[in-house]
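Structure record follows, encoded as structure tokens.
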Amino acid sequence: MNASTRSGLDSGSGTLRPCSPPPAARDKDIGPIRALSAFLVAALAAFVLILAGPARAQDHAALVQRFATESFNDIAGAVNGLATSGSPRAAPVIEALRDGRLVYRAGDRQVFIRRPDNSFVNALTGEPAADVGTTRPVRLNNNVRRAIDAAVGALSLLHPDPARRTSAAEAVFKSRDSAALAALDAAIGQERDPRIRKLMEEARAAVVVANPQAAEADRIAAIGIIQRRGDQDALAMLGSLPATTPPLVREAAESAAVGIRRTLAVWEAGQNVWHGISLGSVLLLAAIGLAITFGVMGVINMAHGEMVMIGAYTTFVVQQTIRTVAPGLMDVSLFIALPMAFLVAGAIGVAIERLIIRHLYGRALETLLATWGVSLVLQQAVRTWFGPTNREVTTPSWMSGSIEIGHLAITANRLAIIVFAIIVFAALLLFLKRTPFGLQTRAVTQNRRMAGAMGIRTNWVDAFTFGLGSGIAGLAGVALSQIDNVSPNLGQAYIIDSFMVVVFGGVGNLWGTLVAAMTLGIANKFLEPYAGAVLGKILLLVFIILFIQKRPRGLFALKGRAVE
Amino acid sequence: MLIDPMETQLPADPVKAIERPQVVTQSLLYLDGVSVSFDGFRAINNLSLIIAPGEMRAIIGPNGAGKTTMMDIITGKTKPDAGDVIFDGQVDLTQLDETAIANLGIGRKFQKPTVFEMHTVEDNIEMAVKADRTVFGTLFSRHSAEIWRRVDELLGIVRLGDHRKRLAGDLSHGQKQWLEIGMLLAQDPKLLLVDEPAAGMTDVETGATAELLKDIARTHSVVVVEHDMGFIRELGVKVTCLHEGSVLAEGSLDQVSADERVIEVYLGR
Amino acid sequence: MMLTRFLFERIDRGGWVFLVLLGLAAVLVPVLNLAVPPGSMFHVSNTAVGLWGKYMTYALLAIAVDLVWGYCGILSLGHGAFFALGGYAMGMYLMLQIGPRGVYAHPTLPDFMVFLNWTELPVAWWGFSSFPYAMLMVALVPGLLAFVFGWFAFRSRVTGVYLSIITQALTYALMLAFFRNDMGFGGNNGLTDFKDILGFNIQSQTTRAVLFSLSVLALMAGYLVARAIVTSKAGKIIIAIRDAEPRTRFLGYRVENFKLFVWTVSAVMAGIAGALYVPQVGIINPSEFSPANSIEAIVWVAVGGRGTLVGAALGAGLVNFAKSWFTGAFPQGWLFALGGLFIFVTLFLPKGILGTFTDWWKRRGESRKPPTASPASQPAE
């Protein structure tokens, strides 16, 4: 396959993806080449239907006949002619030619299309043709293929579906084929959608920049348009000017490329921040419950990760039930799973506190060991019950797909989790600040003995806090079920990171947890490109180990005599 | 001074080179303009206090006056936000940590008696007796008759000779207080900071404790924090009254307790 | 002479029983394995020698953990890291002993390096073909890591659960690092396919019996060193730090130095245990760094009785024996049992088996005869 066709196909796959994939295809690629060709066929067919008109039949017949030749130049000419003819039969013919399914009978110069089932249709009329006899395929070379691509592009540039026009413009931008110039000009004149018109103008600029025959001033003006586009494709375009480009144009292209790189770096940083916030909100969800129990009771709950895991499995069970009882509710399944997960994990948390932790009061290290024991039991219980393999949790349709802001790709499920994390954080903050229970909890956090002396039932506060912390872990589990594998080991994957967040943020202050989660999330994403995912994580762990030496009680620590 | 200067580990010369006024160099402990606050609450506010060598001083003051925080600052547990804390006329205590300060010769008895509960009474004293305190020194230390003579002597002073083999955790509250005083003496410090030595003691024990402290004060400088006015009267020493982190009044007990502001602070307004 | 004085003054009765039993095992097990024919009822099977040898190295690890946790109050959730580092040092020596007998028959490079298209030995591997150097590294690498880590941690007074959590982060970070191929330690697969050690075939039953005896001797030595530390005056201070750290500081002791000392000694001990473990099991891979392994070592000590040394070793043996039995009989049940064990011991047996037994024994003795002096240090009276 020649280079220009390849790049045309790649550009197709590159532009197809951002515009909402089918819901089933979450984070997966549907074979880009197949998708593109399917799309082209559909595009051409639709085009044909719209422009169908008897007046052009005559014209069409002559053009089709021109394919019955051995001369590549004639064939290419026929393609160009057919493409601009506006004939309804143009698309299937060009399509067949591209796939090597266009044949002709040498005797009467009749042209046929061979269908995939090896039957034939008349290229002129589209009617089935029986008993075709011996035929020869219409030959292809690179020149012809280029002509085909341009033709396909030109046909799509006028397509009524905006998405098709968009990709057609993108394809021209990639191929920079001067043959498309006429079609582009025509399309720009008609285009109503400003975004698509901009794309077409950019494509036109690309054609002009790459065209050695264009005037220097035009080419430099075109470079300006391309710089304003400012993405990786623009950069690639400017970087691949032919060797014969005059120095003035080359200089303009280089300075434009520098400008693009600068803006792209900003966008990339923005993308990293976004991914970091996304990771940070996951960490926040996983760690915030831990921070509460650690702050109030001074104990580390090693089974916290298992509470998250139980939340995820609750989601699975809720969805299973919905699937059998009321399939129509699938889209709201997460809203049913949330309170369920909170209650299930919270109840287990209260049970753990009442049965075990209560008896270990004041012995933080023993509590750590006992809760580790609990985590082993819970993990093994889930493994026995649900099996050791991943369980599939469905993503509701409203959480699929993505939107683009500038050069930022924002996936709906990540966005939903960030919003959810903020809601949980805010609710918790309000709860602790505005309710009597919150007041008691904060009192116990700051000075347990004094709070006890003031008549606060600290053991009751402990149980409730532990339930609350575990319940929030359950909520985190629902969120994590949307982005991670639901397996018995789910909790283990997050527990150490959660510890790091708590240790980094300090206890007794939810804002510390928020800042720590976001800092670690963003730092992780910024380190990843340079150090790789694993090394980045190691660097962060080392950083926290060093940080804790400087501030042994975290970023936002309580001070004063009560601390000791 | 009766006590030999003690070998200590100091970090690179804590401001020794600075020429200090006579009032500083002749005092044993010199606090000037010391302030510290926790999350906006000023626990110590521009506190100044001078203890002369060989002096015994009683510190009184209502709850929250900053008595314990002051001790925390002197012993290096808390770093002041501002002010000078000079020991022995030359050493800047704010630059040192608890261990270095302890080795300089400042011993402390805590408000809540703190002894090593899993060790026997005699082991508690033995660990406190002045000796090599390095890791390898203690690791390879041999049984020393001299040290154990000192332990016997101290056990006699604090009247715990009969209990020497018991675990310190099994002692009564008063006995723990005495054990801690014994440990303090074993350190042989230049300055003893004694926080509420009579708390939780019977009247007889309180009297005995006062006698013991007076005895100790003959050879050491002592700062006593106490609530019990009877106890302070028995000591018969200069009294400093703290309030809201600074000195309210200073003088004999009679002078201080006649001070109107002191009365106001204690009786409420 | 000093040693005999030490043995008679500082080893208690339980310690003697422990040492004598271990000494007997070191001699009898190899004899019963090698000299007694397999049919005899006194024969010790090859599997048993391998299994018990492994338990001995675990027991040494348990003593190392007990030294820091039971006596100094430092709950390390990362001692598995020191164990694994010692293991890796030994594994690197064993890898280089394979020489040209690897699958790729490269004269110097281990197979995995040939597979990664490396052409020369990474710097970290230099010198590991020398046994004395490798043995030095077995002690030095864990010791140095512990020293640096402890120097920072103890100086800035990181204590309690914070310390536990960062020790866990330490071993977790090491696990992630060792999983990477470009670290140069065999990635996921780790180091394996060892051929011989000091020229002796590592598969031969004689070598394995000798390794068993060496493990027992290392355990005895580890016990004696730990016992020497905890019965010294430094030992009293270490326990004092566990019970009342600030008070120890106000007495003028440099708490961080004492902690650093036991911490480093303990890490070296764990490293030696790891080095003996690797030739007996024939493999070392990054999963040895997994936080779960370190926590499992904690439960051995908790079950046996922390602050007892002998109990820690006993606990390691008992728990691992139970694990072997469970994985044979109820593979699903082991994690339930282990989890339950954690909960049971912390709730109902805080002093562990040996601690509870000793208490009971003392009470029994006290009710029989008038109170006598405890066998603590001797005053000059």
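Worth a mention:
When the chains are written out, they are named A, B and C in that same order, and each has its own residue count from 1.
Following the convention adopted for this analysis, contacts are C-beta pairs under 8 Å (C-beta built on N, C-alpha and C of every residue); 3 or more make two chains touch, one makes a residue touch a chain.
Remember, predicted model here, so these are calculated numbers, not experimental data.
Counting C-beta pairs in contact across B-C and across A-C gives the higher total for A-C. Central chain by Cα centroid: C, whose mean Cα position is closest to the mean of all protein Cα atoms.
Mean C-alpha positions place subunit A and subunit B at a centre distance of 66 Å. Subunit B and subunit C have Cα centroids lying 44 Å from one another. Taking each chain's centre as the mean of its C-alpha atoms, subunit A lies 48 Å from subunit C.
In subunit C, 246 are the positions where the chain touches two or more neighbouring chains simultaneously. Touching two or more other chains at once is no residue of subunit A. The part of subunit C that touches subunit B in the complex is made up of residues 229, 232-234, 236-237, 239-240, 243-244, 246-255, 257-258, 261, 373-374, 376-381. Of all residues in subunit A, only 294, 298-300, 356, 359-360, 363-370, 372-381, 383-384, 496, 499-500, 503, 534-535, 537-538, 541-542, 544-546, 548-550, 552-553, 564 touch subunit C in the complex they form.
Residues 9, 75, 77, 97-99, 102-103, 107-108, 110, 114-120, 122-123, 126-128, 133-135, 138-141, 143, 145, 148-149, 151-152, 164-165, 183, 187 of subunit B touch subunit C in their complex. Residues of subunit C touching subunit A in their complex: 75, 149, 152-153, 155-162, 164-166, 168-170, 172-173, 176-177, 179-180, 246, 291, 295, 298-299, 302, 332, 335-336, 338-343, 345-347, 350.
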